[in-house]
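One chain, chain A, appears in both complexes that follow, with chain B as partner in the first and chain C in the second.
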Partner chain A sequence: MAEPVIRVEGLKWKYEGSRDWVLKGVDLEIHQGEFVSIVGPNDSGKTTLAMSLNGLVPNNYPGAMQGRVVVDGMDTREHSVAEIAESVGFVFPDPESQFLSMTVEEEVVFALENRGLPREEIEERMWWALELTNIPEDYLEKPPYELSGGEKQRVAIASVLAMRPKIIVLDEPTSMLDPIGKTEVIEVLTEMKRRYNATVIVIEHRLEDIAPLADKMVLVYHGTIPKVAPPREFFQDIDFLLEHDVFPPDVMVLANELRKRGLYDGPVPMTVDEAERMVREVLGRR
Partner chain B sequence: MTGVGEAVRVDHISYVYPDGTVGLKEATLTIQEGEFLAFIGQNGSGKTTLSKNISGLLKPTTGDVWVFGRNTKEAPMSELATLVGYIFQNPDHQLFNQTVYDEIAYGPRNLKLPEEEVEERVTEAMRIVGLDESYREKHPFFLSKGLRQRVAIASILAMRPKVIIVDEPTTGQDFRQSIDIMDFLTMLNREHGHTIIIITHDMPIVAKYAERTVAMADGRILLDGPTREVFAQAEVLARANIKPPQITRLAQRLGDLGVPPSVLSIEEMANLIESAVRGGG
Partner chain C sequence: MPTKMRRSLLGYLPVDSPIFGLHPMTRLLFLLIVSAYPMIVRLPELNVAGSIFMLALFKVSKVDLRVIKNYKMAFVNLFFVIAIAYTFFGGYNPDYRVLIELGPVKVCWENLRWAMVVYIQLIFAILIMIFFLSTMRERDIVVGLRALKVPFVLAYMAGLALRSIGLSIIDFNTIREAEKARALDLQALPFSEKVKKFGMYIVPLVALAIRRSDEVSNALDSRGFRFTGLKSGKRTDYILSKYRMTKLDYLVLAGMGVFLVGIVLVSIYTDWLALESSLLYRI
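Right, the complex of A and B next:
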């Protein structure tokens, strides 16, 4: 198999002033083009892990680090955040925290202009990013703060996409949004998966929406990574996940319950469609 | 439900914000003491406006709200605050004192209660929300979000309001934290007799905890009834952009097999399937 685009080896991290390691020696390999979903309870180290992938940890936070993180060939301790940002785009939970400009257009092209790209290429990338995130042309002149939550987050994603990074990390991109906004962002993630061969790493609690998209699920729990697997395998052991404070979607828990009652022994359904087929199959045996 | 009387009566109220936005149109509902309700609907559907009218934070433009027989337009805020407490989604929007103790004592002190009783109420509120005594002198700002939320709830509880409205109790919380906070509200409801209203987008939480659900769209009450019956109205909910829990959506695709559209829990669904398989032999 090709060299992974991200390699985390024995990573330990402790913020200055905290007593315990936030990450307690974790290993993780991610390959180019993989869609990776990081799950786990709050305060277990997910965001710290995400920030170690774009070099914010250790470069912008005081603390102690052991082990190493290599991203697109760069050891994060030997390269600046700016250098790593050429390869890794980052989307925060709160889109407003990252807006710098007075209009949507300026926001999306800001970093491209900073890089000194030719005007044509800037235009081309902007239209591509707007199309992928489903932002209509007449939004270009709007100030970002006038948009709905979901629209703001889509603009934030578009401005990261326009950089065409090899790797995009999204830290709980839907957590601050209402259901319509969440759905909009999940649709953008689906489009990214379908049409953009980037490595996408997303921290997300909404397993119902994210599991069907993921190639690989990563469980982070109290500073460790107790499980990494493709979704169907990851969700095989429902009881293990519940013990680790991860609550799988209803249809998966139902499959587990039917297994325990000796009514079903097939694969775990990922979607309501699959669950419908499962129930029809079980009832078909009558 | 141990209803002993009417807690809230909302009588044909409309609410127009100062900028002209119509927040509520002709809303009517009655809430009995001891109920556990959820208000659901998209942002802008009117659920927060309705809640703020119930708490007296807003006064209806037309119509009346009665809380334990008191008209919110006439009763002083200090009295309303002892009847209905409103817990904001972001605890930081309501925390402003230097210590946890002062924060929780703020309301009771405003009621001009003797300091002895203030102390007693703070101690009780901290005990109920599970805040250790050692937090008394801590600055709320330095606590975790979960703990800050507990301080916010304790500061409302110290007013001993009969009705407690909680705006988005589970937003930003993980699975375990959500269960903890909802179990806590259930305890307040069952053991202390508080009427609880949650405002939420979290449909699995509604299915698990709320006995009654009020679905809103466009400033109007669209559906109001037992949660099971409300979630069974898939088409009405779809028009309001409300998605029932995944297990309910699954049930609603299996109507031809005799599965009712009102299934609320995994357990219930598994039981239905099991009895169909075993009983159907």
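Right, the complex of A and C next:
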């Protein structure tokens, strides 16, 4: 099997002033092109794990670190965040906190200007990223602060996509958005999965939307990773997930109940369509 | 069809405003050059003419004149501060004409005249600044500074500083609303209580400002920004490359420059701009 693009080995991290380790010896391998969803309850260490993938931890936060994180061949302790940014794009939960410019156009090209790319290439990448994230041309002159929540996060994603990083980490990209904004961002993630062959790592609570997209699900719980598996296998043991404060989509809970009662023994449904087939199958048997 | 607007530092401006026909560097130099006029010229008539010219520029540039109305209380307060400073603390000379005596304080025409001269100068200067802020965006300032070969770090810092004022105002309003929702309304309190309780606003505001600067720093790093001091390194000026200086820019710059040199020379070599030429000094 090919060398993983991200290798986390025995990662332990403790913020300065904190008594407890936030991450307690985490091991994880992610391969090029994988769409990975990281799930887990609040304060389990998901964001710290995400920030360790682009070097914000340990470079920008004081604390103690053990183990190592190698991203695209770069040990995060030996490379700056700016160097790692050549390979890893990072989308923060609060879209406003990551805006660096006062127009959408400047925002999308900011990282490309930093890299010193030729103007023609900057222009080409900007249009590509805007098209992929469905941002209309007349938004270019608008301040990103004045857009709706979903539009703001789409601009933030476009700004990262324009960098064409090998790896994109999205830390709860829908957590601060209204339902329409959440749907817009999930649509962009779907497009990214379909058209852009990067490694995408998403921390997301909307399991029903993210599970069908994911190649691999990672459960983070109290600073550990008790389960890594493809989605169908991940959701096979619903009781295990509930014990770890992860609440699977209703269709999966239903499948679990039907299975417990001996009414269904097929695969876990990942979408509403699959759930409909499951229900028809169960009703057909009765 | 509604007019398309473009956000400026102080409000909104129609996209078809003629001011956008000028290069951001020209508009930036407008502030630097034209605001030197009221500093050099004290003659009230010329400063009044300058203020009228600025109002005409507001109109031509399609700036909503209501933006000036927002500052009417500031204009009034400014007048009182200057008038009080000059009439009460402007000194006394036996040659001065006393208008009123308020106890030991003599309100003299000469001091009042100085107050008016300074006030008219300031009005002209403030109108220039309001015009600048009403027609410029952060992007224009960064582009203008970059066109003047100011290092990117300094240009970006200037833009960021201007934006942080706006963000702090938004944060302040959010905190105020939150405090109101928790039954703390400073407006309803007497002055002494306002001062005492002001910390309730300032502490979260400072905490938010620190958090915002931390977030901006993380975002800058995550977008591959490397601090290279005053050297711009290999950075591409993509946004700057979208602007071109036109004949109109050179014409405006030449006009402003010639006028500046003109008033400097006239004020040095003639007494046409001396205060003694003013109508105020003939009263």
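Here is the rule we use: the second predicted complex is superposed on the first by the 286 of 286 C-alpha atoms of A that agree within 3 Å, B and C clash if a C-alpha of one lies under 4 Å from a C-alpha of the other, contacts with A are read in each partner's own complex, and residues count from 1 in each chain.
As a working rule, a residue touches a chain if its C-beta (ideal position, glycine included) is under 8 Å from a C-beta of that chain, and two chains touch if they have at least 3 such contacts.
No experiment lies behind these values; they were computed from the predicted model shown.
Chemist: For A:P41 in the superposed arrangement: first (chain B), second (chain C), both or neither?
Modeler: The first partner, chain B, only.
Chemist: I'd like to know which partner A:E137 touches here: chain B for first, chain C for second, both or neither.
Modeler: The answer is neither, since A:E137 touches no partner chain.
Chemist: Now for A:A275: first (chain B), second (chain C), both, or neither, which partner does it touch?
Modeler: So A:A275 only meets chain B here.
Chemist: Just chain B (first), just chain C (second), both, or neither: which does A:E124 touch?
Modeler: Touch status of A:E124: no partner.
Chemist: When the two structures are overlaid on chain A, which partner does A:E257 contact: first (chain B), second (chain C), both, or neither?
Modeler: Once the two structures are laid over each other on A, A:E257 reaches chain B alone.
Chemist: With the two complexes superposed on chain A, say which partner A:E3 touches: chain B (first), chain C (second), both, or neither.
Modeler: neither
Chemist: Which touches a greater number of chain A residues, chain B or chain C?
Modeler: C
Chemist: Figure out whether A:P249 sits in contact with chain B (first) or chain C (second), or with both, or with neither.
Modeler: first
Chemist: Which residues would you name on chain A as touching chain B in one complex and chain C in the other?
Modeler: No residue of chain A touches both chain B and chain C.
Chemist: Give the list of chain B residues in touch with chain A in this complex.
Modeler: My answer: residues 42-43, 144, 146, 171-177, 201, 204, 241-243, 245-247, 249-250, 253-254, 257, 259, 266-267, 269-270, 273-274, 276-277, 280-281.
Chemist: Tell me, which parts of chain A touch chain C in their complex?
Modeler: 54, 56, 59-60, 80-82, 85-86, 89-90, 92, 94, 97-103, 105-106, 109-119, 122-123, 141-143, 146, 159, 163
Chemist: Where on chain C is chain A touching in the complex?
Modeler: 6-7, 15, 137-139, 159, 163, 212, 215-226, 233-239, 241
Chemist: Any idea which chain A residues touch chain B in the complex?
Modeler: Per the stated touch rule, the residues are 41-43, 149, 175-176, 178-180, 205, 208, 245-247, 249-251, 253-254, 257-258, 261, 263, 272, 275-276, 279-280, 282-283, 285-286.
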